[in-house]
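Structure, as structure tokens:
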Amino acid sequence: MSPTAPPLSRDLIDSLNAQNLAALQDEYHSLGRVLERRGCAIDAIKQRLLSFSLAQPSWGTGVGGTRFARFPLAGEPTHLNEKLEDCAVVQQLSRITPRVSPHFPWDKIGDARAMLERATSLGLRFDAVNSNTFQDAPRQALSYRHGSLAHTDAAVRAQAVEHNIECIRVGEALGSKAITVWIGDGTNFPGQQSLASSLDRYLESAAQIYAALPPGWSMLLEHKLYEPAFYSTVISDWGSSMLAAQQLGPQARCLIDLGHHAPNVNIEQIVARLHRFGKLGGFHFNDSKYGDDDLDSGSINPHQLFLVFNELVEAELRSPADFDPAYMIDQSHNVTDPIESLLSSADAIAGAYARALLVDRAALTEYQQGNDVMMAFQTLRRAYNVDVTPIVAMARYERGGAIDTIAAYRQSGWRPRKARERRATSAGAGIV
Amino acid sequence: MSPTAPPLSRDLIDSLNAQNLAALQDEYHSLGRVLERRGCAIDAIKQRLLSFSLAQPSWGTGVGGTRFARFPLAGEPTHLNEKLEDCAVVQQLSRITPRVSPHFPWDKIGDARAMLERATSLGLRFDAVNSNTFQDAPRQALSYRHGSLAHTDAAVRAQAVEHNIECIRVGEALGSKAITVWIGDGTNFPGQQSLASSLDRYLESAAQIYAALPPGWSMLLEHKLYEPAFYSTVISDWGSSMLAAQQLGPQARCLIDLGHHAPNVNIEQIVARLHRFGKLGGFHFNDSKYGDDDLDSGSINPHQLFLVFNELVEAELRSPADFDPAYMIDQSHNVTDPIESLLSSADAIAGAYARALLVDRAALTEYQQGNDVMMAFQTLRRAYNVDVTPIVAMARYERGGAIDTIAAYRQSGWRPRKARERRATSAGAGIV
Amino acid sequence: MSPTAPPLSRDLIDSLNAQNLAALQDEYHSLGRVLERRGCAIDAIKQRLLSFSLAQPSWGTGVGGTRFARFPLAGEPTHLNEKLEDCAVVQQLSRITPRVSPHFPWDKIGDARAMLERATSLGLRFDAVNSNTFQDAPRQALSYRHGSLAHTDAAVRAQAVEHNIECIRVGEALGSKAITVWIGDGTNFPGQQSLASSLDRYLESAAQIYAALPPGWSMLLEHKLYEPAFYSTVISDWGSSMLAAQQLGPQARCLIDLGHHAPNVNIEQIVARLHRFGKLGGFHFNDSKYGDDDLDSGSINPHQLFLVFNELVEAELRSPADFDPAYMIDQSHNVTDPIESLLSSADAIAGAYARALLVDRAALTEYQQGNDVMMAFQTLRRAYNVDVTPIVAMARYERGGAIDTIAAYRQSGWRPRKARERRATSAGAGIV
Amino acid sequence: MSPTAPPLSRDLIDSLNAQNLAALQDEYHSLGRVLERRGCAIDAIKQRLLSFSLAQPSWGTGVGGTRFARFPLAGEPTHLNEKLEDCAVVQQLSRITPRVSPHFPWDKIGDARAMLERATSLGLRFDAVNSNTFQDAPRQALSYRHGSLAHTDAAVRAQAVEHNIECIRVGEALGSKAITVWIGDGTNFPGQQSLASSLDRYLESAAQIYAALPPGWSMLLEHKLYEPAFYSTVISDWGSSMLAAQQLGPQARCLIDLGHHAPNVNIEQIVARLHRFGKLGGFHFNDSKYGDDDLDSGSINPHQLFLVFNELVEAELRSPADFDPAYMIDQSHNVTDPIESLLSSADAIAGAYARALLVDRAALTEYQQGNDVMMAFQTLRRAYNVDVTPIVAMARYERGGAIDTIAAYRQSGWRPRKARERRATSAGAGIV
């Protein structure tokens, strides 16, 4: 087996890091003094970051779009091999995105073993597999126009179940440990379907997929308020997701995508609820202002991202033994170079986690117990206000990544080179 | 025991009905022909309406307000006796609101037996009792400023539990069969409380109330997205409500208030979900455009009210044996005479139910099974479009009510008379 | 010039109408009696409907989709000729959709004169032309990836302006009298563009288009809260649209699409505001539950559609001389046969208008003046509750349309025939 | 005239500052090096902060509440004298809140001159006056139950106009330069009022108030989506506010309250729009998650607050000559000590301003012009990530305030002392 060979030049990264190191060290030590005055050791926080990681979505390496248009980018990847290459660039620079989550049939591959070797040689592993029954694949026997796992026709349901089971089989070959099931089933008109029967059919189909789970695997259920269905969606909210996961069994858990909720909903409380009832499965990180906008993580509401991680840190403290949520970036990169967005987002997510780690939890609990509302809030705010850039960058540097990831990526000339090597993609609306 | 003595003159109602009867009969028969052509017997629909009823909230007889102001109405009731009187007016005219839901300590009474006799003499019964731990009552030992059932202080929780149990005891004396528990517990700041521990404390307190339930009683849990807490609320959505009800036991069920959801949420699907998992407890009917506006039922979105009843009719067909949701009007009458709003709303709710009964369910199911989206929708729309006023009015007339309830009420001179008899109320913000 | 030759068999429509006529007449006369008792002549309402009409969007004849998928329908049209044919079917059956609104470059045609003749022969005229600078057309010199009329690059703005002017030129040849300008310009990230400068550039470009308007033409500005841009949109709301229209001049007016607003916004008040300040340009009718869902008109919130028409009727009464809004259906038909959705929606829109005409405006004004809140509301509600199906159907029948449009369409076998004749379309996300 | 005599002990503040100074200096200098590397002088930023100030709302010194309840705080102020005292505490510690905005008739005073002297002696001045026609004051002749400036009855409108003019007169005596006009006028039912006529009446009344403006005064119009009216509001959005201000004249401008918008609306773009059209009047700072929650500024979405200030800094650069928005805190302190919330919020607002000043605008403009989306965003994000606490605290310290304001306030024992001195307040719903 070939040794790991990351795509970018080590020298480039080293030489850029050399330029940035002195400033980073000054900032890191300054911050260290600040945190020390708060009774917090900066190295301990950095240590926690060193064991934090995220999955990348294979499809996130391509340019996304809306139902109106997609604007292709010269050099974007066109098949899994190229997607893996781009993910390896992200991982080489960021060092916290070592896993790739494939989506089938988009990433359909002839030889799973070869693909696994390819990924390994790039320094990557495979994360949860994703099934797709919200689109009709070419040469698919039956259409998902009117649903998949919840379709009225048993034959369509069987086809959708079979596809999910096939995803599990491929996932086993790739070393995955989970399947993420998101369906678009729902309606656009009142009366279009029985809301009750649709769920019954979903549960029956999902149970068949669940039955095919290998030991140690998770089935991650992903809810979404709307889109592609615009009147009702079968698994529309965390309540539906939770009840489905309860009915399926212990290997079924719930996945939270930050953009899949009704306006104004308190997502961090959903984190706490899912954990409280043993069903917190993981996250699809992104950000949104209006709907499932799939914007870059933390770009719109970084405070919410911090509050989510604050709940995650709390959750881990409450039950450290079985705390193991799956973290993935899931964004649609419509107007940026996807590699840059993945780098920036990985940074934002790590920063939110770092800030959550800075919260003085003993003080917080005491203020909460005493109903000292202002000081409880200030305890969170004080941690949120810290510029954690030096900690995140230092952890990345120590793992061999770039101090300034986007600058390093730009200097590497990766995209222009790929624009010469890779075939062009077409316009047409994008899919995330 | 004194015989039933409704407050308004029978002659007045009769003479007004006499003026309206011919037109009503013409409309009823015309509609009968329309429905007959659709294979539906109008008398059968009317018959269903004759067994439909709603509870009135005692507090809904007073003028409500906002945090900014309340504008008193001359002649509004100031204690339970007067509230019962006004409810009796509503029931005498509408004939589908025979029960009154009391709220404690607002409706605190010395002698439950006397109160029950008073209600009975007015033709009324008592519905679910409501506890209040979202306000501090005069001379209350401990404050609910920082919560009640979920308070960090065990003594406050104990006081709140005790109040709920006292409500159950009074309810038993009044012939009630349920207690509705809505709490305002939540936070206004991130970090103010542990989201996880708050729920734990709520569940522990709620279990103590549950343990005090008499046989045959229900404990109805009412969730609400926000207000009075503006960052997080302990029982904020149907998912939290459902999980709490599951944990408490079979006598605990979930109550849906139409204004307690995030924007855009599909409430009719929540009806289907709660019923599917055996926890559909009942409704607080009202309407809203922005938040928990507590507007008159069906005044803003009558189609949604119809779709809710469509799910209720479906739910009853799926499990007729144990279908028994509690229906109540819960509105804040800020700019109308509360009696008129209750009359108008009872009418709107009955109309929504009548329209749902008109849906051709055999056709609907067939269209749904065949994914004939357009005709499935048209089947609902065709029922919704029917002007059911004649059916609702005829059912009311046959039960002894007024054909035109608001006109009859106005002609009775009730409010001006009460304005002379009752003491004036003060401004100050209103409570619903 | 060839005589008008509608696509469907006259005999088929007549024979189906013959089966439905007796029932329709019974319902029409029954309703006539009801309205007469309210002092309203049913024939007068019908007469108003006879002068009501809507435009169809050429693109609405195809199956739409989301960014996730499009599910093609066998027999859907693939170029303007076929789209016109389908529009002619809708018009032949409904008789209130005589105009077609083309979209360029989608409907780009070599010979405008031939196209106009083709439309005329089908009984159709052309409505407002629509420009498209939210997508890159094949062989387009400069990309709209980063905007069009508001782009930072003057050359891109010039290209977009030029395209709009070309649309006006083609529109003149087609007999249009307006151009609708909707742009996708906006941002996905805070900071991506200067919010102020973007508007400046838009206004400068729009002024150039405005300068090219022929006399008698309108420039209709269409705002939208979000999508395809997900952080900010240059013309995001009616305020921006209004200020732009004011600055451009008297031929510029504002267009309201019912799905382009923030959650909970009172759209009917926007109608009143735009009219009050002389800028009510017209409507894109559809319905929505979450965002710009482009669902069938009145399918989700028929009461809102009624309230919009209530404002329109009020507006016309206030200034009858210059009341001339452009009405168009603008929907995305993802799961239905587009012809059926257009028929059903035309019906729903006409029904909403009919109900608004039934409002007793003298009584309403009197109640409003006297602050009789309940009776003012009841005056609207009473009109809304009327089942106006017989009036709408009778008007349609008298104009030569089908009493039951969808049934007639299905019996005509149009779509199966076209499925044999027309070439298949591909999947790929849909565009509306 | 008596010399300025702030309420708290100078020694206390000094001694606490002495404990905190070394750490502050270390952090300030560390941050100075970071900013220097970015080409930014920390002292220049601090200098800008030294000329920044906010008004306090007199009513914000009391505990607020919801329509459900208010939970009084021992020692809260009960009349303007005590409110001024509390404002003086806030100003003494924070040094950026030197002005107080009074609300009439709540703050009605016999002798304006004495009140002005009292304020001056406390180191305070008066900001914009606020009128109140959304409540009925005791002994008021006509009720605002059905509206005020937009009421159907000319006598009610005249009374409301007269009250506003009286507010202006008092304001003149107090040295104010603006009146803020917010009305609750609107409806709870479709049809309740003519949406068009209501605006006409509002505009006519507002013009009468405008006519009474002294030279140099501003009339600030405050819009709000809903509450206390729940179906429609006369001045509901920035579009309505802008058109009203345009019609009134150059002294009329628009005020933005951060909680008065529909869900998801991009408020920072509204800032840019109002400024672009010359009508940016000022701000009521607070925060919200659901509606007009009136939470502490920046507590829920601090990034949005930063983006608002980013637009303000941009606006000032575009037109420095006439840039003069009125800044005020407007919050409802339901669960905290109001003084602590005002201190914390003043800090958060100053911090948001400081971060906006840190944005490298030359780089930003260049990235925007070149459509370098990622780097434009990073330019904002880089400034937002800075922990500006040391700059804000140093500016405050140099102006004589407390480095740690809340700690100093708590050590002063102010509230417990006032709890002994001031009379108790009652429960009852709160008003903000």
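Just so it is clear, A, B, C and D label the chains in written order, and each chain counts residues from 1 on its own.
Note that contacts are C-beta pairs under 8 Å (C-beta built on N, C-alpha and C of every residue); 3 or more make two chains touch, one makes a residue touch a chain.
Keep in mind the model is a prediction, meaning the values are calculated, not measured.
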Fraction-based call for chain D against chain A, same above half, different below
same
Tell me, please, which chain's centre (mean of its C-alpha atoms) is farthest from the centre of chain A?
B
Chain centre separation in whole Å, for chain B relative to chain A (CA means)
43
Quick one: chain B and chain D, Cα centre-to-centre, how many Å?
39
For chain D, jot down the residues that touch at least 2 other chains.
145-146, 187-190, 192, 225-226, 231, 263-264, 266, 289-290, 296, 299-300, 303, 335-336, 373-374, 377, 381
Report the topology of the inter-chain touch graph, choosing from line, ring, star, complete and other.
complete
Complex contacts: residues of chain D adjacent to chain B
64-69, 71, 134-136, 143-146, 184, 187-190, 192, 225-228, 230-231, 263, 288-291, 293-296, 299-300, 332, 334-336, 427-432
Chain A touches which residues of chain B in the complex?
145-146, 152, 187-197, 199-200, 225-226, 231-233, 236-240, 242-243, 261-266, 268-270, 272-273, 275-277, 303, 307, 310-311, 314-315, 318, 364-365, 368-371, 373-374, 376-377, 379-381
The residues of chain A that touch chain D in their complex are 23, 26-27, 30-31, 33-34, 37, 263-264, 266, 289-290, 296, 299-304, 335-337, 340-341, 344, 351, 373-375, 377-378, 381, 384-387, 389, 406
